[in-house]
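Naming follows writing order (A, B, C, D and E), and every chain is counted from residue 1.
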Amino acid sequence: MASFLAQRLFAALLTILVTTVAVSMLIHLVPGDPVQIMYAQSQGTTPEQLEEVRARLGLDQPLMVQYIQYMGRVLQGDLGRTIRGDQPVLELLLARLPNTLILATSALVIACAIGLVCGFVAAYRRGTWLDTLLMTSAILGVSMPHFWLGLILLFYFAVHLQWLPVAGSGAANLVLPAVTLGVTNAAIIARLTRSSMIDVFDQEFIRTAYAKGLPRALVLYRHALRAGLVPIVTMIGLQFTYMMGGAIVVENVFGWNGVGRMAIQAIFQRDYPLIQGFILMFAVVVVLVSVLMDLLYAWLDPRIRNR
Amino acid sequence: MTAGTILSVRDLRKSFDVGGGLLRKSGTLQAVGGVSFDIGPGETLGLVGESGCGKSTVGKLIMKLHHPSDGAIFLRGVNIAGLSRRAMTPMWRKVQTIFQDPYSSLNPRMSAGAIVGEALTIHRIASGAEKTRRVAEIFEKVGLRADQMGRFPHEFSGGQRQRLSIARALIVEPELIVADEPVSALDVSIQASVINLLIRLQKEMGLSMLFISHDMSVVEHVSHRVAVMYLGRIVEIGSRRRIFGDPQHPYTRALLSAVPVADPAARRRERIVLKGDVPSPIDPPPGCHFQTRCPFAQDICRKVLPDLLPTGGGHKVACHVRMPDAVA
Amino acid sequence: GDIIWARDGDIDSLDPHRATSTLSRQVWYQIYDSLLEFDDSGAPVPNLAKSWEIAQDGTLVTFVLNEGITCHDGTPFNADDVIWTAERALGEDNPSLTKSSWGDIGEVEKIDDLTVAFHLATPFGAFVPFMADQFTSMLCDSNAAADDFGTGSAIGTGPWKFASWTKGAEVVLEKNPDYVNYGRPIDNPGPPLADRLIMRTMPEAQTRMAGLRTGELQVIVPPIQEVKSLQDDPGVEVYVAQGTGQNMFLQFAVNRPPFDDKRARQAVSHAIDKDLAIKVVYGDIVERQYCPISKGVFGNDPEFCKQYDQDYDPEKAKALLAELGYGPDKPMEVTLATWTGDSRERMLQMLQNQLKKVNIVANIEVMDIGTLNARDTQENNKAEGPGYMDLMGWTWFDPDLLYLLWHSPGAYQGFQTPELDKILEDMRTTVDPDARKEIVHAAFKILLEEAGQVPIYTPGWSWLYAVSADAPGFKIGPFNRALFNAIDH
Amino acid sequence: MQNRLEKAIALAGAAHTPAAGVAPSGWAVLLRRMGRFWRSAMSNRGARVGMVLVTVLVLVAFFAPWIAPYPPDEMGAGMSLLTPEMAYPFGTDEFGRDIFSRVIWGARLTIQVGVIAVGISLTVGTLTGLVAGYAGGWTERILMRLVDVVFSFTETLIALAAVAVLGPSLSNAMIAVGIAAIPFYARVAYSVTLVERNRAYFDAAYVQGAGHLRLIFLHLLPNIIPPLIVVATLGVSSAVLAAAGLSFLGLGAQPPSPEWGAMLSAGRDYFNQAPWIMIYPGVAIMITVLAFNLLGDGIREALDPRQTV
Amino acid sequence: MSATKSIEAPNDEPATRPAPVLEVRDLCTEFRTKAGVGRAVDGVSFTLHEGEILAIVGESGSGKSVTSLSIMGLIPDPPGRIAGGSVTYGGRDLTRLDEKALQKLRGNEIAMIFQEPMTSLNPVLSIGRQMTEGIRQHTGMSEAEARKHAVEMMRRVSIPAPEKRLGEYPHQFSGGMLQRIMIAIAMSCSPRVLIADEPTTALDVTIQAQILELMRDLRATTGASIMLITHDMGVVAEMADRVVVMYAGRKVEEGRVEDIFARPRHPYTRGLLAALPVLGTAGEVGGTQLNEIPGVVPALTDLPNGCRFSDRCALSTDKCLAEDPPFADRVGAHSAACWHSDRLAPTMEATS
């Protein structure tokens, strides 16, 4: 177990390393540096002064040197300070991480609640009108652009009905973005659940369970659901990371203060330490989630647990 | 190894690394643990044994689908065990194989003619009309019609697919055929015709054959000599007559007596029913691998792995216990 | 009550020396005061300093501070604070980003507790108005004690006290009960009426609209397209900042064909019907801009500038293009860029449409501001490739901006002439207003005649405020300074 | 993680069974087989609806100049912000451009986006996964690690980089979307290759002495294509959505191009006064995505050996 | 008990046979497929008597499994459905029973074991759970009692250290052990009927011998009737009292095991027997040819007219092509569905 985790983490660290190198290179390909951007549109300084600022920030060093210095500091737990506003990157990230985690988790809970139930029912009633209805709604769900659904929900529930606040970071503010993100992702879970459950329903051990005289509900719950959950759990893990990083549009629409939004701002401002910090954090989350999924997976599937 | 030997296998070994998952230790699985045998020209060696005992692995090692961990494989005197893929390419004209599952061994996206003729292109033996002619010829030989060349595997029946497989193996005119359970996936009625075909072709073309099967009656029907494997090792090898008529190893006897006889009248014969299950090749029992199930096991069996020793007449047995006369 | 002001972005820093964005400046203005203020006409007037005096040909400026001003932490505001601020901004180890705008300052001298003298090495015409800018916000020297100044703490003398900043979400300010208004152009001599002022970041315009509609927000930056409907809404008041100092103009990659030839630049200017474009895209919420610097800034004189610009004349544009060998059979292909937001891409679409009529095919590229800035310099350094121009915007309260933009090497290493360089150098050191005006106009003439900079409109960004009618008392001062002191909510 | 992922992906996007069909050489066979595969797919109602919609879409795109009453960027074709009426069935936008015409022309761009983006990810992803699955060992490890690396970039980041290096435009957005989706295809291709590689026909070809290229392109590739087709069909819809999202962030199509995502993004400024500006392109996106989804799902269901009814 | 007796005295007269337990009459089961509706089982009738082992043989696809699933009411619907006939057990027609009533019978009075022990047990549930759930369902025992019973059953099928193994999962067992577990599960409620669908096909001969022995023992001790489905004529010969031969969804021959082997009355049965290489009978390699049955089993949706075996049959005549031979239920147990049964018996006897 320990050696397995160690192995996993080592591979993960390598991936993270390559990722950060790649991202650092990539982001430096983007023209414009943070100093120049800070001066945009307002009375500026002489080019020499710009150079001075760059030198102070270490941006005049060759890329490789910058990167190595950066990694050196990272290993000591120092993610550096932002170029804009000169704030500690780690603090900023950690301050927003909970928001993102909360949004992603709630959205995931909604997505799972809808997706698992619909998928299961559709699989069970495979080929009936109910199946068609559920799956068509699922496809409709994925067909909607996030921002479109978000705006419509916003205007209906917040402005028209005034049931929920428009924006902010309170508990009531969580509802709309979580629903938007949840609904669009529920469809994917529903479809996967359906095919996974159909897969399981056709397995021979289900027939065995029936042959034992077990009631249908028990067969479905104890035998089918558990066995069919494994691929679904994987997808859920994937979705979680996707929601964490990719929900920028939803965060924007609902003014939800998450890491995704900060990342895109950082990119626009070429705030290298912040971007690198974000990527690093994201990679770590991806790794943690995947380890978590492994454990969950092992818990669900004894074949992996102890062979 | 006599001069006329086509294939000579010496102390062949193969182990696989297995495991290495969550909460699981990785280990080595010795699939083949030191196997030696010869096959002469025009001879069929039957290889029998229980599932997982390493029969297919032996076949694959000879075909160079696996690289041996140790040991030598002489094909017409050339040791192919260490050959690179490139160096092996010409050797594949001498040794060919027939797989167990006729359907999955045929590329579903290629026509029958293309599948059978592929080797002609690869080895630059023939192309164009000449290729077509030769493919047609081999089709006739295995009992297919040349006009079926344009068809696809799924349009053939199971028996016909296995014939395609045979045709593909024969088109390069090999000297040795490794047939890994060529009839196990077939229904009884079809199995018969494929067996008949194989025997006929082998005679006509003077082929040598390694015939792998778990079915004792089929092996008896096609083989000149038979090797019995148990957990990665050969426990008994000899002429068909000896193996079936006077088996020396308790496992061979048990195997023979376990085969159900298709004659209700012969029902109440005495039979040896082995206790217990086949041990795992990852963690084989000490001493003789068979000792855990052997009705005659003695102390020495639990400690010392018996060698495969000749008993005369080309017959060899790996057993510490001298058996009384055969019961079967 | 609380005033919640929703904007499309967050501040960068609470430290006026560490950022330059409009979004940050708007907030500094609430927390800090400067020595001087601008009155409604844009002229510097007393604020923290009750008077100032210029001596020795403009190389010595002395300020006398008002008595009894207290910092947010309760300490009195005096000459030490001014000196602390100035030395911090001008110091070697961590200078202000806008250090050069202070001028060439030799020494800041404390005459007495309430009198400070600035010694300049050379006369600097823009010095006095700069003392009214947010970049010279006066910081109390007690800030020295905090190691999170600018991010977690900020002590000033302004109407609002800093309470908290959640990056990306909101900045919370509380009213300064001790505030006395000396110079801000608003009718409230004392502390703000509301309890708190909260700046919220809401990038999506429609969300801000929704918030205003539901009463969750009191002040928002509205989407331009909604201004009309908001103006018609009795529950909302729309404020349009005047004299923001922002100006929007076209500039060209002048170091390669076709825009290395002034006729090509002039043709573009002649081809576009700026008034029509403005009307379609912005209606009446922006103004046509004729001069290289914006209305309300020293030297701006539309009548003067009109003599030299290229007014809408497609025929003339075609003629110029024909001279250069372009015509219906050989259209001129160019790139037309700008940065995202504030309907600028709509402006480009209008321009594109108009340019097409004179056979200039413009491909629009809209990018983030960082990319655009870098791109402009890049394009000026490229010897090959299609023509390139962009709709750019800058803001400053003084024509000194022209020095930055067009004095070689120039902000983008673009348009420049030796003659213009000379004029701009003179402009820097001339203090006398009339003489300075002459020089500024000389620079205008070159820029406009040569079409090095083609002015289009003003203001350019973040100049609109929609305020809920239940929060009356909002006002915008010159240079886009939002005043919440008198809002009663 | 890897295996589970594959299983999930396979379940979500791919069918495992090769379809049935007929013809002479590997590729011709594939084509003929595709025909058969197609017919069997078309027996599925969802797939038929999807196919009809896709066909209509392609026709609309192709005949846009004839169908659209106005050029897409003709300003003042009508008055600005007209509500839908006979002459302007979808109304007009702020420049008086006919939204109907723009939506029609937009179909071209959208199909282009879908096809090109998927083309990129399909080609690169398939080759990567195929080679990784075929070669095994270090090649496999390195390639699949690289795929993981790409996987942890967000689309936006890739888009920004692509846009920055190549300039902002729809085609660069397509490239970005295409690159971002590579891991998905690579993983499907990889897992299917592993399955196919373990089928006996592969070993059979190997022991005929077939070379690397022959094994990869003649034996493996044709056999991994059908599941990838399904993934690709579904991929078109995600690509369309992703590109629209990028346009929404200003990283995609440049004005005045009538790309639907860009129209939506511009239209949201008129959400209150002229909702039709946002509604019609939105509906168009939805229908397109729906069409490809139905098609993909339909094909998958049709290929599913369990689905016998 | 008479069941045991029938093994020892296989030549018992039909008249002394014990009472029928399960009676299948004219069973028809259909599947809707893309190619059309196929009758996987088409008018099959047979009777299972008390304590008897009835073998059902036939090649792959002949409808053996579908027959057994139809009896259990486990035909997946859709695509399948029982289109006609009856299955009488204890006076009730199982095909008309509702789900609840069937649940009471399944695993309790009629139990079933399947071919693939590996896939027939749920990989994610422990063996103990899978054993006890059925017991608890039918007996109302507590969990602890059920576990005790399960351990007892495991011991009976000779699983070593059963208490320890209860907590383990299927993948930790070998195929032979899993099949024994399956049998233990099936026998745990002492069913009257055990349906074994190819219980040993996936297993090695030595393990097969163990399992067959075990089934015989169980029959002897519990008196259960066993319906043994297989394609292996050897297993039939070893185990069965009576045999039903199926071909393409039809019963083509039925009779006592000795009769079937000694005097097959259907050319298909004869072909099957002759195609089998028999241990100990081989002469020189290639000396004797195995008998081949040309052609393949027809697709259910594309059956030949007349006798379904006609296109593969050496004896086929015009009549065979035109008319479907009825199953002649002749006096005595041994009969076949063939126009030429009479011509067959002597031929076979002559050669054997």
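What we mean here is this: contacts are C-beta pairs under 8 Å (C-beta built on N, C-alpha and C of every residue); 3 or more make two chains touch, one makes a residue touch a chain.
For reference, the UniProt names are B, E = Oligopeptide/dipeptide ABC transporter ATP-binding protein; D = Peptide/nickel transport system permease protein.
It should be emphasised that the depicted structure is a prediction, and the values quoted were computed from it without experimental measurement.
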Sorted by label, the chains bordering both chain D and chain E are A, B
Name the chain whose C-alpha centroid is farthest from the C-alpha centroid of chain E.
-> C
Distance between the CA centroids of chain B and chain D (whole Å) is 48
Give, as an integer number of Å, the spacing between the C-alpha centres of chain E and chain B.
-> 31
Which integer distance in Å separates the CA centroid of chain C from that of chain E?
-> 90
Chain A and chain E: spacing of chain centres that average the CA atoms, whole Å = 53
Touching two or more other chains - residues of chain B = none
Which residues does chain A have that touch at least 2 chains other than itself?
-> 30-32, 127, 151, 155, 202, 294, 297, 306-307
Sequence positions of chain D contacting 2 or more other chains = 164, 268, 271, 309
Counting only contacts in the complex, chain C reaches chain D at residues 205-206, 209, 223-226, 228-229, 280-281, 340, 343, 345-346, 348-350, 352-353, 363-368, 371
Complex interface listing, chain E residues touching chain B | 10, 59-60, 158, 174-177, 204-210, 212-213, 231-238, 240, 257-258, 261-262, 271-280, 282, 285-286, 289-294, 296-297
Residue positions on chain B within touch of chain D in the complex are 60, 63-65, 88-90, 92-93, 96-97, 99-101, 104-111, 113-114, 118-119, 122-123, 150-152, 154-155, 165, 168, 172
Listed in rising order, chain C residues that touch chain A in their complex are 6, 9-13, 15, 18-22, 95, 97-101, 135, 150-151, 166-169, 200-204, 206-207, 210-211, 213-214, 216-217, 368-375, 378, 393-396, 398, 400-401, 404, 409, 411, 461
In the complex formed with chain A, which residues of chain D make contact?
-> 1, 4-5, 7-8, 11-12, 145-146, 148-149, 152-157, 160-161, 164-165, 237, 241, 244-245, 248-249, 261, 264-265, 268, 271, 278, 282, 285-287, 289-290, 293-294, 297, 306, 309
